[in-house]
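By written order: A, B, C and D. Residues from 1 in each chain.
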Amino acid sequence: MFSAAFYQTAPVMALCASLGAVPLIALSRRHPNLREFWTFAAAGLKFSMVLLLAGWVLAGNVVEVTLIQVLPELAIRFKVDAFGIVFALVSSFLWIVAAAYTIGYMRGLSEHAQTRFFICFALALCAAIGVAFSGNLLTLYLFYEMLSLSTYPLVAHHQDKEGRGGARKYLTFLLGGSVGLVLPAMIILFTLGGNLAFADNIHTGIIPAGTGDTLVTCLFFAFLFGFAKNGVMPMHAWLPGAMVAPTPVSALLHAVAVVKVGVFCTTRVMLYVFGINVMEALNLGIMAAYIVSFTIVTASIIAMTRDNLKSRLAYSTISQLSYIILGVALLTPAAVQGGIIHIVNHAFAKITLFFCAGAIYVATRRKKISEMGGLGRVMPFTFGAFALASLSMIGAPPVGGFITKWYLLKGALDAGQAAIILVLVASTMLNIVYFAPVTFQAFFGRVPDGETRDTGIREAPLIMVVPIMAAAVLSLLTGIFPGVMMQFVRMVIP
Amino acid sequence: MMDHAPALMIVVPVFASLVLTLIGPLGQRAAYGLLILSIAGSLAAALVTLVQVVQTGQAVYYRMGDWMPPMGIELVIDHLSAGVLVLICACALLTAIYSMHTARQDNPDRLNHYYALFALLVAGLLGMTATGDVFNLYVLLEISALSSYGLLARGKGKAYYATFRYLIMGTIGASFYLLGVGYIYIMTGSLNMADLSEILRRPELEESVSVRIGFTLIILGVWIKMALFPLHAWLPNAYSRAGTTTACLIAPLMTKVSVYVMLRIMFTVFCVDYIFQQIAWSRLVIYLASAAAVLGMITALSQRDLRKMLTYIIVAEIGYLTGGAWLANTAGYTGAVYHILADGLMTLCLFMAVGAVIYRTGQSTAAAMQGLFQRMPVTAGVLLVAAASVVGVPPTCGFFSKWYLLQGAVKAGEWVFAAALIIAGLVAAILFFRLLERAFFGRLADAVTEKKSKKPHGTARKIRIQEAPLTMLLPLVFTGAALFGLGIYTNEVVQYLIRWSVPAGI
Amino acid sequence: MTWDASLLWQFDILILLMMVICAVTALALEGLLSSAIATGVYSFLICLMWTHMMAVDVAFTEAAVGAAISTVIFLGTAQYISRWIKKDRPKEQGIKQLTLVIAMICAGMMLAATRDLPDWADTASPASTHLSPGYIEQGYFETATPNVVTAVLADYRSYDTMFEVVVVFAAALVVMVLLRHTSHKHRKVLHLRPKREGRDTVLRGAAQSIIPVMQIFALYVLFHGHYSPGGGFQGGVIFGASFILLALCYNLKFSMNRFKEHAVLWCCAGGVLLYAGIGAACLSLGMNFLGYGALADGLGVSVVMARSHGILAVEIGVGITVMAVMVSLYYDLASGGDLEDGL
Amino acid sequence: MDDLFFFIIAKYNYWAAIVLLFIGLFGMIVRNNLMKKIIGMVIFQTAILLFIVSIGAKRGATVPILKFSPDKQPMLDAATYANPLPHVLILTAIVVGVAVLGVALALLQKIQRVHGTIEEDEILEDMRK
């Protein structure tokens, strides 16, 4: 449709769409409607760019652009391949959905500093796309740090003691991991081979032959724990703390931008820096698999004990993220596919769940699950969507989560890891235990004592319900038509 | 005229300072204008020289009085010094523009004499950087030192004692340098750097104890001047009590030029093989540097006064620079030289931003940062950029210097230094985070009351924006942009300047 | 190894021993005035040493600067501070002893290392054979100046010397900026300064007869610097000392009436301006900065003679600045910056 | 015995300079009174100058001012004149020394005015107030 030259500039344009929106949003801070228009315009432009690129990549092309030759040996470099496209599609599409929802939420609660909020939102999305399109580790690192910094004001949005504390913890873990572990690991890697560009396939990696086994193992774990956004225990502690943020932020953080960037970075490094061959040879994959298995089970168990809905969702996120890493760490084709497709499935499902939590808060100001008895009857759409998304989390057909579980189980079988299968089954059980009661209580539970039936509680505003439904429906669609996304995943690993 | 750029660059500020001494009656504007004009002239000359050096790929030589070296004194501007010269001129020019209000505030009387000393300091620093003669370097070192005593002592009451201590330490440093030069002279009979480096390669001198003592004394003297841990005690007091303009001028430049002198002595007069094979203590320097980086940052963290905090950051950065230079590999050297430029700009930016805050709020404790993003958004934004650079967030220049330094440490297998760099970076992150958190949210109480009052959108508390005056803001913003600029053009800086100056043998 | 009787080593060692004694005394004495005097004696002794080492120019300068001016400004300052030092506190004794031990170790190492240095007064040492013969053998033909020190100072290394003048200029400026700065409240000033109304007639008479001679001698030293020890520094210091003497024998106001504050400032800057101006003139006439040869056409003399004249011109500049700076330092330090009354 | 004698003769200047250097340095660092510190500084600097001038001496040489033969030709035997270069350097250094001394004394006067004392410990106490 377009020339190849166009596709060379498309990644940069996708990036600039959200970056360019920043000054516009800042300038129109006195006109809320105009300001929101810029957000939508940027989101739309960005999504269309990514969509075009997706088509181009599907046709078998890989776009590589060098933006700035920043060091003699290294450049800020973009590379759009199938793996990156998967993530870029999800994040850019969900920006549109999230933007609509955020406007409803922010206006519904008359939040302060909305302009700052939208600016940081745009910057965070810019960083997410940057990570998706990164062509080497340096670029990845750059956008990773940009994301950490730009989401800080979002997490600390309320500016109260709790907000600051959570944000402080958030930044401590993220910067501590990236500066303390990823940066040195990256520099050691560069010193070893003089190259940080991602490999062209997932097998070879870029670790130079002859590097000491211990060193490679150390590097591997430095990356695994250094990308603290991926929520692997013990680097997960920021995630529940960051729950103090407004719900759209939680949705964005825990479904789209932040944690997915962490997982994306981890898997990117595993597959394209270390490569399957090295990971197999040194048993790195299986070590990582057991570490994340621990995270999966532990996080699920903690989630059961939480009464605060958002907190429960946060631990669920920690657990679900590790599915993705688990899939990749198992190294069998089916498992890797399962892991990657879970980026998509989890994104849609989790954003739905968070949106629901936010809608409940806006409509009722309730945060605790125990207070939600009977709410489903007055907020059927919200809780319907919640139920659907819960199914996806649990992994029941026909919702997207089922596809993940299917591939993961198949992959674990291929790998012959009985223990991992056990973990998957156990976590599914746990998922049921902590998700099912929410829906059940809402629709069939008793209204808490001391409350009459008619408290005037109604559904959340339309601008919130529509995105919720859209996200829920998408979650369903990914389950019914998994092929759309799977064709990209198959390009990564056949 | 172009051929004379090296001389003009140094002489123009000297002339300016002479004229400035005499034009008191003409008023403050005339003094301000003349200072800016002269330093802009120097900058132009420095840029001309830089372009010439980069284009020809060779050093520019200028023979003072047309005497052949080593009989006469020559200026040698190679890739290393050209970069530093431009840095000095640029920082001085920005500070000069910035000084319009602050200098008047700090100097109710004798502003023209203050500016005369300002110009002399710049001339001294430029001369130190450009010269190819070890004794001439001493004379210019003393010029910059003397004028800096004058500038620093213009601070408030406590500045006198701090300056006195600086004077004592500075004199010890300069005297050690001179004594070292004496030792080298006695063994070689020469003072010209190029000549010296030839003579010092003779085997009998490589073994000589006296030459080693000379080298040790020179390096010790320079360390005192650049405040390397544990010889740093004079710096924080002297710098933090000075007036804003003085601090902006001296803090970024004095120590960096001293580091430059160290590099010159190490790699131009002596050579890598000599230092690392003949000097027994050379392997220990890296530990000193590591200690400087970590302890400097930690001490900075414990400070309440903003300026004092920044001065301890300088102490830490000196650790980075020294470590890079003594790693003895290309990456470390590149990192050190690049960091001279980067840290010069970073320190300037920090001091300017803090100076603007002090100018507006009148207080210099961390409390002055309260709600800065609302009151002075531009200043706060630039401060954020500078902080990101000190911490090492890409794509600011601080990241790339750390990149090279870490790479050098890894290549040399100096894990202690690598760890020190990372720890210092993390401590810096905590330090700036604490500051910026305050700046970002303002008073905790405000946020709480506001939440309770639940004002509708748009009528949230209105805080009057009170930015610093434009003459302060423009240099500040420019410096902040330069931090990005330098970071993005790292490739060019490394390829066209630093690579050429990498000494043979490392 | 031969032994040269002309070196009078016994004499040298005696002087050096006395110097060490003076140094220790100056640091140990409790009275600051006596310390200042001991420092002056120390300077005089070092002049003797240097004369004996044939460094007459240096000895000359040290005698004028180190022994005379330094002592005077020491004494000038001593009026404003307590004249007796306080006994050091015992708690600092530990640090003191530690410093002493470290200093002694370093000193011991450096003393041991002198074995490696060329013998004193060795004619074959690198310093005596590498550059200096060049100056001695070519200096006269290139600059027409028999005093090699002057030739090297004001021509070969004139760039250094220019900045040396700038250093003294800077010192005067710094002292001026520091002391004449009036915004601080003068608290806790010790008014030890005695009133200077009636001065001794003998002193005045002596001054009247000495000062003109001093000034003529200063001019001689300056202008004859090409042929004999001396030059701008020495001449300037002596000339400046004549004004200081005037102030000492009469009072500060009397001296300041003859050499006014403004004139001092103009002379301080003017001398350097003359020096740097000549450098810039050479530059504009087509040679490098301070290349006096460029003046040849303008003066109508040969290049060598032009250098000689150039040397003289810059020496005059040096003389003016040094003279003014010495006076300025005295004015400021002796009067505590208020320029009312001095030592 | 003779060797030792010659060794002393050959080095005593350097020794004196080094001893004076450390006396000055010691005074600068250890003495509590600021005036004493300045005096220590003067001794310290002068010791270095003594050391460097010592380099210029030559056995049997005279002052570095050219002598002329009866036919007005300069006598150019370098060995007969002392080395002029250290003299030039030290001339510069002496002037630098007095410049620093002047500034130090001016600061001292200021310290006396602001703190009322020139004893270091008392100043530190005063600053803590």
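Definition applied: a residue touches a chain if its C-beta (ideal position, glycine included) is under 8 Å from a C-beta of that chain, and two chains touch if they have at least 3 such contacts.
What you see is a predicted model; the values in this text were computed from it and never measured.
Contact with both subunit A and subunit B is made by no chain of the assembly. Of all chain pairs, the one linked by the most C-beta contacts is C-D. Look at the CA centroids: the one farthest from the centroid of subunit B belongs to A.
With each centre defined as the average position of its C-alpha atoms, the distance from subunit B to subunit D rounds to 30 Å. Put simply, the C-alpha centre of subunit A and that of subunit C have 75 angstrom between them.
Centroid to centroid, with C-alpha atoms defining each point, subunit A and subunit D lie 71 Å apart.
Each of residues 135, 139, 142, 146, 149-150, 153, 157, 185-186, 191 in subunit B touches at least two other chains. Across the assembly, subunit A contributes no residue that touches 2 or more other chains. Those residues of subunit D in touch with two or more other chains are numbered 21, 25, 55, 85-86, 92, 96, 99-100, 103, 107-108, 110, 114-115. Applying the touch criterion to all chain pairs gives A-B, B-C, B-D, C-D. For subunit D in complex with subunit B, the touching residues are 21, 25, 28, 34, 37, 41, 44-45, 48, 51-52, 55, 85-86, 89, 92-93, 96, 99-100, 103-104, 107-108, 110-111, 114-115, 123, 127. The residues of subunit D lying in touch with subunit C in their complex are 6-7, 9-16, 18-27, 29-33, 35-36, 39-40, 42-43, 46, 49-50, 53-66, 68, 74, 76, 78-79, 81-88, 90-92, 94-103, 105-110, 112-119, 121-122. Across the interface of their complex, subunit D is touched by residues 1, 3-4, 6-7, 9, 12-13, 16, 19-20, 23-24, 26-27, 32, 35-36, 39, 42-43, 46, 49-50, 53-58, 61-62, 65-66, 69-70, 73-74, 76-78, 80-82, 85-86, 88-89, 92, 95-96, 99-100, 103-104, 106-107, 110-111, 114-115, 117, 119-123, 125, 127-128, 131-133, 135-137, 139-140, 146-149, 151-153, 157, 160-161, 164, 167-168, 170-172, 174-175, 178-179, 184, 186-190, 227-229, 233, 322, 329, 332-333, 336-337 of subunit C.
Interface of subunit A with subunit B (complex): residues 30, 32, 68-72, 76, 107, 110-114, 138, 141-142, 145, 149, 153, 156, 158-161, 164, 168, 171, 175-176, 179-180, 183-184, 187-188, 190-191.
Here subunit B touches subunit D in the complex through residues 135, 138-139, 142, 145-146, 149-150, 153, 157-158, 160-161, 163-164, 167-168, 171-172, 175, 178-179, 182, 185-186, 191, going by the rule given at the top.
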